[in-house]
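All chains are identified by letter, namely A, B, C and D, in their written order; residue positions are counted from 1 within each chain.
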Amino acid sequence: MIVQASAVLEYEFAGPTQVMLEIQAATSPDQIVTSEVLNLPDVPWRIDVAATGRRRLRGVVCGRVSFAYTATVDNRERRLLPPSGRLEAWSDLPEDVLPYLLPSRFCPSDAFIRFANRTFGDAGDGVAQVMAVMDWLARHVDYVPGSSMAQTDAEHTFTLRAGVCRDFTHLAISLCRALNIPARAVSAYALDLQPPDFHAVTEVFVGGAWWLVDPTRLAPVEGMVRIAEGRDAADIAFLTSDQPCTMISQAVTVMRQAET
Amino acid sequence: MIVQASAVLEYEFAGPTQVMLEIQAATSPDQIVTSEVLNLPDVPWRIDVAATGRRRLRGVVCGRVSFAYTATVDNRERRLLPPSGRLEAWSDLPEDVLPYLLPSRFCPSDAFIRFANRTFGDAGDGVAQVMAVMDWLARHVDYVPGSSMAQTDAEHTFTLRAGVCRDFTHLAISLCRALNIPARAVSAYALDLQPPDFHAVTEVFVGGAWWLVDPTRLAPVEGMVRIAEGRDAADIAFLTSDQPCTMISQAVTVMRQAET
Amino acid sequence: MIVQASAVLEYEFAGPTQVMLEIQAATSPDQIVTSEVLNLPDVPWRIDVAATGRRRLRGVVCGRVSFAYTATVDNRERRLLPPSGRLEAWSDLPEDVLPYLLPSRFCPSDAFIRFANRTFGDAGDGVAQVMAVMDWLARHVDYVPGSSMAQTDAEHTFTLRAGVCRDFTHLAISLCRALNIPARAVSAYALDLQPPDFHAVTEVFVGGAWWLVDPTRLAPVEGMVRIAEGRDAADIAFLTSDQPCTMISQAVTVMRQAET
Amino acid sequence: MIVQASAVLEYEFAGPTQVMLEIQAATSPDQIVTSEVLNLPDVPWRIDVAATGRRRLRGVVCGRVSFAYTATVDNRERRLLPPSGRLEAWSDLPEDVLPYLLPSRFCPSDAFIRFANRTFGDAGDGVAQVMAVMDWLARHVDYVPGSSMAQTDAEHTFTLRAGVCRDFTHLAISLCRALNIPARAVSAYALDLQPPDFHAVTEVFVGGAWWLVDPTRLAPVEGMVRIAEGRDAADIAFLTSDQPCTMISQAVTVMRQAET
């Protein structure tokens, strides 16, 4: 799929404020950025590119500020979670995958070991367990805007049985890690979201590779544009600032583009 | 059943310390205290008897102190949860029952509404819903000494799927309240506990009356000797003190007595 | 002071819904309701009056519904927290005051014992300790609308150092209970609130009586119209319902009336 | 300082169990491992060495198992936190330092921003702020064995004002991150601990480098032998296993060795 994604963020910063921005599409073999335009305030920006293709911008801004980004992304090489795939032994996991086995800010996976193994432990191989977790979420948790807040963790979502995309992702991650399946959070541009917004989805490591899944089932993985990955939402905010700031407006648009 | 219950508590108090003790069997028509001996330090004690038969002792103690209590209790009039009983309309509940519909320290029942109604809402009348909650606990939560601590609430137990008697009771109460069934915590002397200790069980209000149930299924309700009731464990501690103190030893014994 | 208080609540209930309403001014010697008008949907209402003067309405409503209340209240006998007053020994507390020494849903006072005693323990008598707690809150916690949510407890407010009236009250209550001062939450109509809304304040028991204090310092105690009291916000909601419902509009007005 | 550190761990594993071990001294210019002996069960072990010198062992074990390690470590090049050092601008931080600015499982630093900046924000440069945090911890938090459990986070320690080494470290990290100072958790062998055990300390990034500090002030930094670093205790366990296991015995010894 070829996707056009854009974001226009307007914020007000009372004084000079350090910010980190993660709004650019990641660059990777399964997600080729064919063109992009970045419109930032005219200050020095430091750009880091991670091995995963994640790009992070750092700068200092002040006053009324607009951050705009548009990209055309070719996802035609994206492969979807296959019908089967082994649960990897710890010893076979690449070292940079190990942190995604451990509990994190919003994903206290250590607390879910008993429930996860009892409920999903016999589902089959790694992919089958991931699918069982996703099915369980679809059946037992409701997508309810406003039901959670920025501090909500996966334990509370598990009790509440309601949440938004980041809550679904945190609970999916917690359950997978409790099953010994490495799992991480991914911010993304996604088709079909109503209202359009940044999306939070999940990546799981089975059968020797990372695979995107959307625990909310709201957006097709084929058209998903990955931005950043991390242990949970604490790591993948599109905007982090060292002072409080005020959002003036925010518009995200994602469209499928005809393939010629 | 006729039951003999006793407790001998030895504590060390570094200085003059205010204490509240709730170790006496409650007196009620379904639990007749036929004899009792209370052995307390020789200081003034204030005794309050609640409408429920709950008895609370208040005093000031110091140094190495022993509290001893023995009672013979006739529970032959105790009635067990009947096979059916209506879920009461709010308007029909006695006013003093209403607090037991609301969330409390360890029972954040407001967070369980979605789960409880989806899981138990169609189980039938009030008693059937209570039974469904108890069955669910028996199937999904393990009794694991050491798995929780004094600050553990029902949300954490729900995630963990493990706990001790107070955790079972807190989760049972939370689920019942989320179903509109008034529920409260009861401290008790109970037969068959290994090792013997104070027990925490649940009372539910259905069909116009309070009924004892033991969510752990460890002890028979017929032989249970109620001590105190409250919203949760915060209200029914056998010993509350306004200064830290050290437990030296604690022995609880409960025996069935032959009926002559 | 003579105060006129009114509330008009409009709600939408999808189906027959049980509700409890606590919107009427409590009746007590220091708060005389000289006239009141209650406009409720035309269904049976059960009214309970507690020993404290608290009035609770229970009924079943459906569809678009309006609850309206207006009262004129004479608070001229209200006495304010005196300059001194003893911290009561446990043995001297009336029995119905004891629950307000214990931790509750949003006030885990057991966790604050070390901090409270170290910070306020030497402030003087009971009133002096209460005043020290209120001064501390005014200096260390900011009133920030939107900084908390319905599930926020006093521990989180203590860390965050920000909250709204119910958070201030929960933290004040937790600190007082940790100091052995009975404390409870009170819902009220209050002058000077911007925007006007129901207010949550605190009552402390020192020198043998309950005294109203406003930890936010936003409203004068002389003009406060008490509605209900309880262990914390879980007990004093102006509207509790057994089904989700939608607020359409809500208007609270409180005015001082000239004394003739 | 030259230090000899050793650990002997005996565990019982009911069945084949995947484990990760982090018990070896890290190798780095300020911590030279001059000799070491590792005695592990005779199964294949995968060893990873991180850029920081951290060494992680992965294997599968079963039954009664002993892990033993002894090392002699030369810390004479260790430099201590200097009297001054700048708080780095975000743009000047190495990319691999950024994760240590963000909240993690036990360090919800986002909740401490208001308190930390108000209390330590004016303390001076980066080092001065770190010292102010450490002084505050020494004055306000008590070292109390048994006061916390494995799930305790920095918010609860902040309320409780008591904890053990991991709690001190989690609170120190949370406060530093809230001040924009990157901070991480370090497991270590430490002199002078009573009883001897693995220790948890803190590293802060100021003036362009990481510096070890011990928020408990129980052990000298000169003799500290770093094992592993991570966002918090979730990342630096000396033993992680995918099945429950039973500790049989555990002995840690750390001794200063005469320099010849």
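The definition used in the following text is that a residue touches a chain if its C-beta (ideal position, glycine included) is under 8 Å from a C-beta of that chain, and two chains touch if they have at least 3 such contacts.
Computed from a prediction, not measured in an experiment: that's the story for all the values here.
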Most distant chain from subunit B, judged by the mean position of its C-alpha atoms: A
Copies subunit B and subunit C touch via same or different residues, half shared test: same
Rounded Å distance, subunit B centre to subunit C centre (Cα mean): 29
For subunit B paired with subunit D, centre-to-centre distance based on mean C-alpha positions, whole Å: 42
Between subunit C and subunit D, centroid-to-centroid distance (C-alpha), Å: 45
For subunit C, residues contacting two or more additional chains: 111, 151, 156
Subunit C contact footprint on subunit D (complex, rising order): 111-112, 114-115, 118, 140, 142, 155-156, 158-162
Contacting residues of subunit B [partner subunit C, same complex]: 18, 20, 44, 46, 48, 50, 56, 58-60, 89-91, 95, 98-99, 102-105, 108, 110-111, 150-151, 180, 231, 234-235, 240, 242
